[in-house]
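Each chain gets a letter, A, B and C, in the order it is written, and its residues are counted from 1.
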């Protein structure tokens, strides 16, 4: 076990993937010589060469489009989109081509491409560097969408995503890149939690709190604070946003009877809305209150001096928890 | 590889549409009247047999296209994108490919599909709405039709980058050809593909069929310079060929593909041709172009000129033409029959092949939908 | 051998729902080949030529020039002969014998003017009749004057078959199969949010209720009943009068307004369900009821003696116990009385088990919970089951499972103080036994006039399954066993 920052855990996972399969490629802007603007790919070009760790032209559509071509040729490209807000030039290739080519070809074509996207706010940045666009991709059939919340998951999930035969949009919580935790880099993936499963990070009895990516740490802190007030929160890190691990979700909500979903993305039309609808439909007789959602407002992401007002924090999560008891 | 670029053409100002006038420079080996001409950069050693075979390709692909239009008019296809007028560009370039080369078409390359050995019936599935693409790309090294304009040029470039990584570049190497139209050259993806291919020196030929029209918009709305010159801006050679001349298209594509295979990087071929028909069967070209223009291009018909050549050189007799007519009629009838007999897909297939791995949500949706369908009294659908 | 085929007006991909027939190129009697242009139709300011899908002889033009036809309407009928499928050497789009390319592409429409006046600008279009056009026109020609002036924008979809009108009626569904109750996880407390709120407002503890709703959920009625504190009457204590419903006052429903001339009680819940069942039963099975008056004195005495036995110390024993046992024995002797009529399979299903239903009157209405496999219970077991059933019914805690699957029913009408009744079969059953009040009455006993305990048994049965002699035999047997309970021993 080693204590690693989340970004370093990703680096280790990418390294393992490059070692284990000669078809794995990494491609993106500044990923080679620089090692990535967040150093997630640091050192990899030096060790695996320029053919496998590729500094690409500044063209997101081109990154995904050529990755598709490489995948058609039998490679497993891992693309990096430098920041969440810059995924949009690639949105066409991701949604019209990457997501659909298996279906279009009736299973004849397979595109095992991973698109890594650092996401979320809280880093005091200018526009387009703090987005949470996951709902646009969970709404697109044919894509797997995942989000890691801690270093150990980052290490395992990046490798599982690369070996998955479906295209995976891999969200990395950029403000958690420097969070450290114990990661087992020696063991293999045999005992890793499957990519499609959610993880209960705090067990509780009173309310089920669902979260992913950057909000996991926030919700765990909220659970600790709530515990001191005598309220027991069950916090679940969804990990897989599409498909959702509804089994784990429903089992928990049926036990606790209350549910709060927390994400940075705007509440309106966000993933929380999908979860709330499903929970209400499947757990109708067991919920004591409607499913409440905590998230961004229905505004573009604000200037960094206001982002603390926009991003849901511990107090906003616990406020929602309190409100579920008003019914 | 030297590219003949006429100085005049380079400074000719905005590209003119409708073939008025004919561009000053393009590679031609067979005139519209069916006379052979030579070009120093493109020696073509071709036998009478081979030319007859090319003629047969042209005739049959025109017949297939005609039959498909008729089928659409009869309500048997939802839509059809006709290649009328572009047969030579497609057959010429299609026959230049080696079996190991990979082709990425748009949605009009029925002539290339024919050359790749694809059963034309398979093309109909997409237009009939039975599937999104009825063939396995790997079986013929012919990718599915891509409807998003220009998108496939990036896929083709990535594929070529994969060939490089496989070490399959060399005299006996593999190369990629990417087809797209004049309108597509405005798309960001096509320009990005040019960037990537040039920077990576990828083994790819970009084959642009400039048929003068992107639905209703003439070439002059897409570019201020002749399209083949765009390549120079990206740092690789561009060449313009008479897109209605099957021999020229064959020779130019062969040469460019070989250069790519051998590691010399990409080439842009602009096949200067004309879309004789409508953009698709739901388009009405009389709304935006003049009949006189069509008349001009009829005189340059790609199929006619080959026939004229065969007749002029006594390379084919009445028996040959009659047999070909009969074969064409049979091909047309076979296309018709296959189309009419095409079964509708089972609703169950809607839920298949979305993911490689099992997906519980999709499975439950499918099960619920199938039992919902089952809950109706009669088999209404 | 020829066949008459019709060509229906297709949707040529412009979102057409109709088109005008502009000009026919053929007449009845003409030979036609596949893909030969037969008609020009007009769509959205362009004229489209339609190629013929058949080869044969034109039989009739079904829509005249100048009229509008809906997409899908047959416009021409062609007599298709048994000819080779290869089209004749009619007009072909191939390289023609001549050396011009004129035949390859249909000639364009003659333009009325050269100066860039686009199509559809109101210029009349000279006709094109008489051309030997070889194939379908690939682009439309300018519309005729009037149509061009009409600003009729048909919605061009451009990329597909066009818009289909949605349906305006529902397709008929098959009768719904009873759905298996969903796995609802925590099943102890099934109540929808509005019911929970009602319970909270009325101060009712949901955990102490059993539900009568779907999947055993607690309904609004359940909560309101509990709030009114009512006890449902059971049909088991034959000798006691029905305790009056206690109208204790916890119902905090709408305050009583001024007394109205009518009161409307919504048809819901148990009452609705029972009513539906009764209607279903009454109007599908032909009911016949037979009566038998018997001297039940021996049974009454036996009941009293049973109560003193240790085995029956802790359980309620009533004459109903012996009636139940007698019926079960009678079923063993006449199995067909315990069956059901399967209309769909056209079979009578004789059950070799007895799920004995006991009709119970409750505040919410009549329910018929049943004792499963009553035939296999010991006498004491049957007594216990009856007592339990009474208790559950009274408390309103019967589950849907209790209420399903009965094979025969006993209804105790005696508790209402009447002698007999003509009971209605429980749905799916073949017989129902009504047990009237026990009263002292003059009777001929051992040849002498005496005062005996007398009661009337009524047996309604489904005359499709049960003939008069069977029904009578069953009734007689039950009566005989109740007149002398020892017969129950003799006959088992």
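We adopt the following convention: a residue touches a chain if its C-beta (ideal position, glycine included) is under 8 Å from a C-beta of that chain, and two chains touch if they have at least 3 such contacts.
Computed from a prediction, not measured in an experiment: that's the story for all the values here.
Student: Is the C-beta contact count larger for A-C or for B-C?
Tutor: B-C
Student: Report the chain ID whose CA centroid sits closest to the centroid of the full protein CA set.
Tutor: Here the chain at the core of the arrangement is A.
Student: Could you state the distance in Å from the CA-based centre of chain A to that of chain B?
Tutor: 41
Student: What's the distance between the Cα centroids of chain A and chain C, rounded to whole Å?
Tutor: Computed value for the inter-centroid distance: 46 Å.
Student: Please report how many Å separate the Cα centroid of chain B from that of chain C, as a whole number.
Tutor: So the centroids are 57 Å from each other.
Student: Do you know which chain A residues sit against two or more other chains?
Tutor: none
Student: List the residues on chain A that touch chain C in their complex, please.
Tutor: 250-251, 254-255, 283-288, 327
Student: Quick one: which bits of chain C touch chain A in the complex? Just the residue numbers, please.
Tutor: Touch list, chain C to chain A: 184-186, 189-193, 196, 217.
Student: Where on chain C is chain B touching in the complex?
Tutor: 7-8, 10-14, 34-35, 46, 48-51, 53, 85-87, 89, 92-95, 99, 101-102, 104-105, 108-109, 111, 116, 118-120, 135-136, 138-142, 156-161, 171-174, 176
Student: Would you pull the chain B residues touching chain A in the complex into a rising list?
Tutor: Against chain A, the touching part of chain B is residues 131-133, 136-138, 143-144, 146, 148, 151, 153-166, 188-189, 192-193, 195-196, 199, 349, 352-357, 359-361.
Student: Looking at the complex, which residues from chain A come into contact with chain B?
Tutor: Touch residues, chain A against chain B: 25, 51, 56-57, 59, 61-62, 64-75, 89, 92-93, 96-97, 100-110, 112, 141-142, 144, 164-166, 196, 243-244, 246.
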